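What follows is a group of structures, each given as structure tokens.
In the two complexes below, chain A is the common chain; its partner is chain B in one and chain C in the other.
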Partner chain A sequence: MERELISKKELLELTGISYGQLYRWKRKRLIPEEWFIRKSTFTGQETFFPKELILGRIDQIINKKDDLSLDELAEKLSQSPLVPDMHATAGELLERNIVSKVVLDRYGITHGSERGAVYSFPEFFPLFVIDQLLAAGEISLEEGGLLVETLNEQWQKLEGKPCDLLFFRKMGLSTCVIVSVPAELHFDKGVKVVARLSLLDLTEQVKGKLI
Partner chain B sequence: MTGSENKTEVLPNLTVDGVCNAGGGVYDSVNLDGVGKVTGAVKSRTFRANGQFKVLGNLDTTEMICEGILTVRGDAHVAEGKIDGMLTIEGKLGGEHLEVYGVWKVKKDCEIESIKTEGAFFIDGLLNAGQVQIHLHGLSKAGEIGVEALRVRRLSKSKWNLLRLIPKFNPELQAKVIEGDELDLEYTTAEVVRGNRVTIGPGCNIGRVEYRAELIKHPKAKVGEEMKLGG
Partner chain C sequence: MAEGTKQDLKVVGNSSCAGGQYRRVKITGECTIAGNVECEKFSCTGDATVHGNLQTEELSMTGDMQITGDVEAKKIRGKGDLAIDSRICGEDVSFSGNLEVQGDCESGFLEVYGGIQIQGLLSAERLQLRMLGPCQAREIGGGDLDVKRSKGTIWKQLFGQDSSVVLHAELIEGDVVSLDYTKAGVVRGKDVVIGPGCEIERLEYWGKVEVHPEASVKEQIYLKERA
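Let's turn to the complex of A and B:
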């Protein structure tokens, strides 16, 4: 799956920020260098960005820049991309729409979903992932359990590498795989890939909701 | 900032007079007079160089005063600096407030909050800065320029006494792309200029100008295409 890109010009038009702001945020390390993708187009070289990541990030910056200085914000955003050091209580997860009540009741670390229970990032991130898939109607609650288990077991081994999570079915059987990207996968005809999610993108989304 | 982790420790000073090589390291203040090399990375609170010096590594300093010729064989980070003469950085240059009078070259990108320069410069990468004031004495080049505010002016040659250091071309700024909020250009050649408020002054030769708020064009400026964007 190709990441959707957005050109610098479109980005500025869409978000209403100026060139000066964009360059300033780059200088302050609010926008990582890797997101500036140079490509040649018919009008010469242009800069592109991964669309979802950059839009999410700019939204965070605009919303938070009144409360935090740019330097403080840079510090928050620059934590290890895949395993940020974040904690949230069950209550917060619900309030900020990170995890729905159904998922929390069923797969939460404390049964009966006490609102005060504290979740670390590796604990609530799998819940967020399946919540997304459940909301999209792509998997069933049982299959969600499989995903949570896989993510919990494999999380440490990923060591912050960018990975995709694939969920696929064949003849009614469902299974999931975590692959480090970039990788191309080819399946036999009977396989239906239900979902392919970039864990890095999802991490960014969660960070955006929590900061 | 430099040295904050060493608050309790008293850092040594490095002083060079005459012709001498010195080792790199972490210093409180570095004073170099004469000719020589520093054979390694230098981190210091203040860095003063008079004469001709090379730093064979990265340079990281909070305050820099430099007169003469200085070459840095790595990245340089200079929070506050005033440079008279020639400065060559073979890596990246980062800083807060810099004033450079003379000729300077940076092989990679430049990230500076505010810079004022008179003379000529060659930046192979991107010049990313907040406020930029350029007074041209000679041909200056940058790969790309991305700024909040940029002002380019040409100074009369007579004020300049180090002319021989500068390639004898017309004082002119060349860049592929210039992007910024407030752009006020003179004697500039660029493929594309994109900005909010753009002033294209005399001697400019611009392939395409894209602007949002306003475009002021000098009758002697050459502009290929003009485009007004957005509202």
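Let's turn to the complex of A and C:
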């Protein structure tokens, strides 16, 4: 899946930030190095960014920079990109719209979704992922269980490597797979890929909601 | 090593030693350090080579230094020749001499008297470059960029050897940009002053612009949608 990119010029125009700010945030590691993508254009080399990620990140920085110093913010944002050291209570997960009540009731670590139960990132992230898919109406609640199980078992083994989650169906059977990217996958005709999600992008989204 | 037990490293004369965590590192003479160094203050008079990364609060040097890894320092003060095979990141950098970086050079305040060769990106919130020799950077970006010839160039001018005292860059982007003797592909900024001796292929601005009669700008574009 090709990500939508935005050029540096457009980014500055859209967000109203200055070059000075952009480079300061880059230096402070608020904007990861990997997001600076260099490409050739007719005017020479230009820098592009993954649009959704950078706009989200700049929004976070602008909103939070009054409460936190840039260094504190950098620490929060730059933790190991795929498995940040974050915790949240069930109540927080609900309030910040990370996980819906239905999912929490059914797949939460404690039965009956006590609001005080503390979830670590690897525990609540799978719930966030299926919540997204359920909300989009792409999977059923049972299939969600399969995904949570797969993510719980397999995701840790990837040790922070960027990867995609694929969910597909054939003849009414559903299954899922986690692949490290970049990877191209080719299926037989009967397979319908229901969803392909970048876990890195989703991690960023959760981080944005929690900070 | 526990926080309180960090040792000082002092080298006088010619020697080599292992990297590690130190409180203060002081080299007088010649020294090769094999491995990463992490310290509060690194000072060198003479010749030092670090085979690894250098992380310090303050780096002060006179002479020659070569670092094969990344350099991370809050404050850098130096005179002489500094060559970094990887990248450098500093808050407050003031350097006279020749600075050579194979990767990116990112800094808060950067002041250089002399020459720079930066293969990657040179970024600074405030850049003050006073050229005394050939300067080159692939890309320059930052807030306030100010590039001029050093006053010392006058001697070179007397002997007709000043033609090499020029900055070459593919792309220069900044909020406030002031350039002298610069050859660049694209210059982009809000308020731009193009001084004497500049050759710019394409200039894009959305604030004020000033072009010296002795400068050449092939294409000048006013970005009115941003103004």
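Following the convention adopted for this analysis, the second predicted complex is superposed on the first by the 211 of 211 C-alpha atoms of A that agree within 3 Å, B and C clash if a C-alpha of one lies under 4 Å from a C-alpha of the other, contacts with A are read in each partner's own complex, and residues count from 1 in each chain.
Going forward, a contact is a pair of C-beta atoms (placed from the backbone, for glycine too) under 8 Å apart; a residue touches a chain by one contact, two chains touch by 3 or more.
Bear in mind that the values here come from a model prediction, so they are computed numbers and not experimental data.
Chain B and chain C, once both complexes are superposed via chain A, clash. Touch criterion met: A:S18 reaches chain B and chain C at once.
By the touch criterion stated above, A:S40 is placed in contact with neither chain B nor chain C.
By the touch criterion stated above, A:Q156 is placed in contact with neither chain B nor chain C.
Comparing which residues of chain A touch chain B with which touch chain C, the overlap comprises 9, 13, 18-20, 22-24, 26-27, 43-45. Considering their complex, residues 89, 106-108, 123-125, 139, 141-144, 170-171, 173-175, 185-186, 188-190, 202, 225-226 of chain C touch chain A. Residues 9, 13, 18-20, 22-24, 26-27, 43-45 of chain A touch chain B in their complex. The touching residues of chain B, counted against chain A in their complex, run 111, 113, 128-130, 146-149, 176-177, 179-182, 191-192, 194-196, 208, 210, 229-230. The touching residues of chain A, counted against chain C in their complex, run 8-9, 12-13, 18-24, 26-27, 43-45.
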